[in-house]
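Shared between the two complexes below is subunit A, which pairs with subunit B and subunit C, respectively.
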Partner chain A sequence: MTQRRQFLGFCGGLGLGLTLRPLPAFAAAPDQDDFAELNNALLDQCLLPRYEALAVAGESLEGALRRDCADGGLGGAEESKKAFHAMMDAWMAAQHLRFGPSELFLRADRMQFWPDKRGVTGRRLSQLLANPDPAALEPQRFAQGSVAIQGLPALERLLFDMPEAAEQPFACDLAVRIGENLKEISAGLLADWRDGPSAYAAVLRNARQGDAEFLDAKEASLQLAKSLRSALLIVVDFKLQRVLGEAVRNAKPKRAESWRSGRSLRNIEINLEAAQALYQNGGQGGFSALLRRQPDGPTLHVEIEAVFRRTRKKLANLPASMTEALEEEGGWQRLSAVRDDVSQLLALISGPFSQMLDLPLGFNSFDGD
Partner chain B sequence: MAISRRSLLTAGLGLPLVGHAGMAFAVSGRGPLAVGASAETGGRFAVRMITGQGADGDIVDLPGRGHGAAWRRGAGVIPGEDPGEVVILARRPGRFAVVIDVAEGRVKQRFEAPRARHFYGHGVFSRDGRRLFATENDFDGGRGVIGVYDAENGYRRLGELPSHGIGPHELALLSDGRRLVVANGGIRTHPDSGRRKLNLATMAPNLAYVDSDSGALLQRFSLPEDLHLLSIRHLAVSRDDAVCLALQNEGPRNRLVPLVGFQRDGTEIALAETPAAVLKSMRHYCGSAALDDSGRYLAVSAPRGGRITFWSAKERRYLAEISVADGCGLAPAGGVGRFFISSGQGRLFIYDLTRGRETALYGGAPGLAWDNHLLAL
Partner chain C sequence: MRLIATLAATTGLVLLPAMAAADEAAKRAVLETYADIAHAGYEDSLITAKTLQAAIDALVADPSEARLATAREAWIAARVPYQQTEVYRFGNAVVDDWEGKVNAWPLDEGLIDYVDGGSYGRESDENPIYTANVIANKSLALNGETVDASTITKTLLSDVLHEAEEVEANVATGYHAIEFLLWGQDLNGSGPGAGQRPASDFSSTACTNGNCDRRAAYLTTATDLLIDDLEEMVALWADNGAARKGLLTSNANAGISTIVTGMGSLSYGELAGERIKLGLMLHDPEEEHDCFSDNTHNSHYYNHRGIMNVYLGSYRRVDGSMVTGPSLSSLVEAQDAAVDAELKEKLAASYSAMQAMVTRAENVEAYDQMIGEGNAAGNAVIEAVVEGLTTQTRSIERAVVALDLGQIDFEGSDSLDNPSAVFQ
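Moving on, here comes the complex of A and B:
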């Protein structure tokens, strides 16, 4: 790689480039060594730490729910609410990592069934609470039952939006069961990523040899680039566009993620922080370092960095609750500006970033049919 | 020889085209010759009419991301003379369908799949144009169906036929005007889980021949057991009913498997022997398939590999490839070895395989992305 770069520099320096045929786009593109380094760097600096944090949060949440429910009612459940927020914080940094262990056992859906366009969570929850059936909470049956009531959105309703259920012992049992379920899912995610000879981290690290998951190291890097794009896409399409609509009067605040716990914008803030870390971390092996080594990469890097910074600054000046933000004077416009920023980031990552690194994230290649 | 509207495209570009009967046409090609769904700047979705001059035809907004389209032929053969209408179907798991008057470039009508169904994005008309057949998901039943719509009565849904498999995707009508051939991709999805694949362990794709009147299964072909993760997704059918298949592999990534298949009459599916380097560059994924007007050449796109591959349909073997970043949409462009090719980066051109020549129709505007499929008119 280094040699090739020097060679290209040498040609350019002599001005020979002008008389030669234009170089094919892949001439300066990263090679398998670069991609293998990228995969290792992001595993160590982003992926594994995030799953570790998620597993810790899952364990705390389960403990808190158990303690709050010790007297048979959720009551104020202050400790549980705090633990719920910590769990959401951790999940928001991993929500967009939709490959490998998160694809197994419907873990991502079971962790957070959202967006729930048909209102399944509310319906199923009401049904269960109206006909309390302890057998429905039997661990295996619960984990293999409806994904809509076994994760974070159902717990959020119980903790923040169902005062009538708070004193019902069955609601408490359900909350504890959800906590145990979330603890089990997050521990399973971490174990599958980190532990044992078939750990997914090892699969990712060894991708350059070709394995059942990845054709080569580049394909594993593509998966990471897709995760970066997914983080931005989910924010634009689901977390902002579906809520804001095209005009103030079309806004639908109850479509926001986590509106009941008043943390919709906090979620987005963490999503963007995680996306930026995925882009920026990894030292000399990371995406941004790799990008800066490409011709025209430094300029693109400056642009991407600037939009990340600008967007996060805008978010830092908004309340955590999107409902509140929308009630503020000019709130919709401010959120709309955030949407435009993240859309711009999405376009930069899907377009020039993907092209310069030769990691196809195009309209047809990203999510085909 | 039946003259297709697109055979006049060559004339429109100032190149003489000689038909089988030895006639030369000298008509300046105006009016749409193909259509393709697109994503436009600002996240809008649309369908664009493609003329001989490029993508400067009408643009019709869509309520969401479109996918494939079906052409209900009008009476005219000369561009501008009653070209008929086109139905654009929503990409899964969408439920909308938009009927467009091709000549006027405007929406004639909209309709939807029933609540308990969604479209897979492909459809085809009966030969008399009265019925539209569209692949759909009976998601709660976990089975594929073919919705039948009455084009003469406001696209009222007449009923549905079984697709005889899970995850039906592209389908075509055979020359007898009675049999439908359906690519049942085998992958189960449910709108509540977005586009997630729910049954990879038990996935079993097939190619089914279905009676378009009774829905009866006439013939069904599967892949060998060890290739059950090879999804049969897209197909192209020649005038004499040779079926070409473009596949997507959900199996182990380090096991290269053929991605193009051929099937006709009562014989089993024959997978094309393909050089390993080509398979590797295709990245286990084909996006669409099209035969040229002669039926001799097959084009198969591999958008994840940024390749368009070309195959001999008669000899069932690999011929050549070109690089097209995020290239996916394909349609015959009139003449031997000529294809429309579109890309997610907004490119649209005609590729002449026998001359190895590209003729740009549209250079691409920032923000324009062509979706997976093109439909030639």
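Moving on, here comes the complex of A and C:
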């Protein structure tokens, strides 16, 4: 159904003013060389390192779950909990990169099916634990089965919110299977990005010549700009707006991401750090450097940077748990201020940023209800 | 265009008037076609809804299995034109604001009537009135107060129950509420078969499952509301209707943006994502758009027909007559013939994938079986649909670039409210 976003008005107002101004004589819109350089820089400095970190975390998580379960169950499982947090940290830096290998085999959804608006994860998990069927854990069947029980949210419930499952051997088998599944997915993501002649990194680097995926380097850069927008959009719409509502009394803390492991705001912190890196890294080839070379770009850059800085400072002063933050005096208002900031960032990226770089952001997978 | 605009801006010249005027006129003509197809589509939706209303009146007057079957057929027929209008929803604020009353989905049907406790469950973390069952209860605890539901009225359904407790799944009106009352829950999981509500659920003499009078009242009231809502939308697209006027009097580029916004948002985020991929990756039969009637394949198919209609400027009405006119396709072709050819090819490819899905639904297995776990052949048919819709979205984006409309806010409904939002 229709849950409209509140912040659309910003884009138009800002955009109109900026582009009607006559362009100075030295103005040169970014060309294919610029975009090719951008793609290479962000691949090397942002994308590949993030997938490398994710693969490492996936491997550690699987090992930790295996050891904790061999030790008698999920009861304490301190090592697994720690490894879960490390995996979430790594995933939060890659969650918004929704193209290429992460779309293949529904990997992003299998890694983390969220938001789960209909409570499917809880329902499927209780069904499975009530009728433990070892056949359901057969690796291939499990990996191709329902995304609701094979990823991070299901594992989070097993580790943090199901004391009754702690003693059940089947719950441990399930947790280990999820761990293996996550290890496979993160290893597959990295391999598809990095290795072999048809690696997606090569597709992005060679976009300039045109290939099945991209007509030119600019289309590949557009994907990166869309990822930047996605990071902000997910934070505003799903991680804050759905939880906070329009008034304190409408807050729905259980809609927050990762509330069971008490890290909803930590997730947002990492998301914004990753978004800012996508914007700022890449040296002379990055988005912010490219933007600063456009007329009026320096002004816009200062504004974007200031909002990033302000938002991250506010978040640094809040606890990792959104539930805790909401229980504090004035907590809702502080979170609402973060929402306003990220909305402003989203408007700046969707509007003037994309216009100055001539990268119309087009459609995204969140356009639906 | 961009070159000219930049030139004009840098040199202080105004746009070459003749070229601009011709361009403007061509776009207006395309918008006229678009508005004509909207009007015809909503009018067809109204016509078929009235047939549905007559069938439902006959059913509740003297319930029989034959009359129930006739009403169900009328519901399925009513979906044919309506689903083709959904492409108008994204991009036209006036449609998007209205749509929730008519086609909201998914719904927690336990709000409306009895449900199977085993498969549906008795409570939900998200929805405090998950099983409120207004048909069985003349008084409800709702939104923190006690609500008198002794008489089933339009106001009760549309203003009190619909989206109550600020939960979107509390859907009390529209096609899917009517669908639930005609079919009942589909309790077959991923096995064959749709909902099996007996006609006696509406009988005043041999009532099954209790409260048949209230159930009949609910069904007729919801149907009356649907007619009211469709009449409103037909009027909005008629000659002096606000939707048509808004579109034709605002900037032409903003209007064209509205068309492509609807095409892309419906293709990708809504249809490929929310309505199809979600169910496929959960392998969950509840996640199908027409889950009571097993009519989902047709719903998707006609959504896609709607996308093609507005691009090609051609709509076949329910009486077989055609509404045609200057098309968006020809506008794109004039700018970049290769992009137009590519988009037409992608639309046709998705159409083939949709047809394969419909053929399988009619001859082999229902949509909810196709998305079932372990059904590789069925899954593949649905995956092809998702792939087609996703790929065509990329081509729609290329068409947007070719049309050089400036920045478009694809989030949805902004373009008519705030035409400046779509321009650079």
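Everything that follows uses one rule, which is that the second predicted complex is superposed on the first by the 332 of 369 C-alpha atoms of A that agree within 3 Å, B and C clash if a C-alpha of one lies under 4 Å from a C-alpha of the other, contacts with A are read in each partner's own complex, and residues count from 1 in each chain.
The working rule: a residue touches a chain if its C-beta (ideal position, glycine included) is under 8 Å from a C-beta of that chain, and two chains touch if they have at least 3 such contacts.
As the structure is a prediction and not an experimental result, all values here were calculated from the model.
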Exercise. Based on the superposed arrangement, let me know which partner A:Asp109 touches: subunit B (first), subunit C (second), both, or neither?
Key: both
Quiz item: Is A:Thr299 contacted by the first partner subunit B, the second partner subunit C, both or neither?
Solution: neither
Practice problem: Using the touch definition from the top, say if A:Gln333 reaches subunit B (first), subunit C (second), both or neither. | Solution: neither
Quiz item: Touch check for A:Gly145: first (subunit B), second (subunit C), both, or neither?
Solution: second
Practice problem: Answer with first, second, both or neither: which of subunit B and subunit C does A:Gln127 touch in the superposed model? | Solution: neither
Quiz item: Of the partners subunit B and subunit C, which touch A:Gly119 in the superposed model: first, second, both, neither?
Solution: second
Self-check item: Touching partner for A:Gln284 - first (subunit B), second (subunit C), both, neither
Solution: neither
Quiz item: More subunit A residues touched by subunit B or by subunit C?
Solution: C
Quiz item: Touching A:Asn364 in the superposition: subunit B (first), subunit C (second), both, neither?
Solution: both
Exercise. Show which residues of subunit A both subunit B and subunit C reach, each in its own complex.
Key: 25, 106, 109, 113, 117-118, 120, 147-148, 215, 351, 355, 360, 362-365, 367-369
Quiz prompt | Partner subunit A, residues of subunit B touching it in the complex | solution = 39, 43, 67, 91-92, 121, 169, 191-193, 195-196, 233, 248, 252-255, 280, 283-285, 287, 303-306, 325-329, 343-345, 367, 369-372
Self-check item: Parts of subunit C lying in touch with subunit A, wherever the complex brings them together
Solution: 6, 9-10, 12, 90, 96-97, 99-100, 104-106, 121, 124-126, 163, 166, 168-169, 171, 264-265, 267-275, 277, 281-284, 286-287, 373-374, 393, 396-398, 400-401, 406-414, 418, 420-424
Quiz prompt | Of all residues in subunit A, those that touch subunit C in their complex | solution = 1-5, 8-9, 11-13, 15-16, 19-23, 25, 106, 109-110, 113, 117-120, 122-123, 141, 144-148, 215, 245, 250, 254, 350-351, 354-355, 360-369
Quiz prompt | Of all residues in subunit A, those that touch subunit B in their complex | solution = 25, 103, 106, 109, 113, 117-118, 120, 147-148, 210-215, 219, 236, 241, 343, 347, 351, 355, 360, 362-365, 367-369
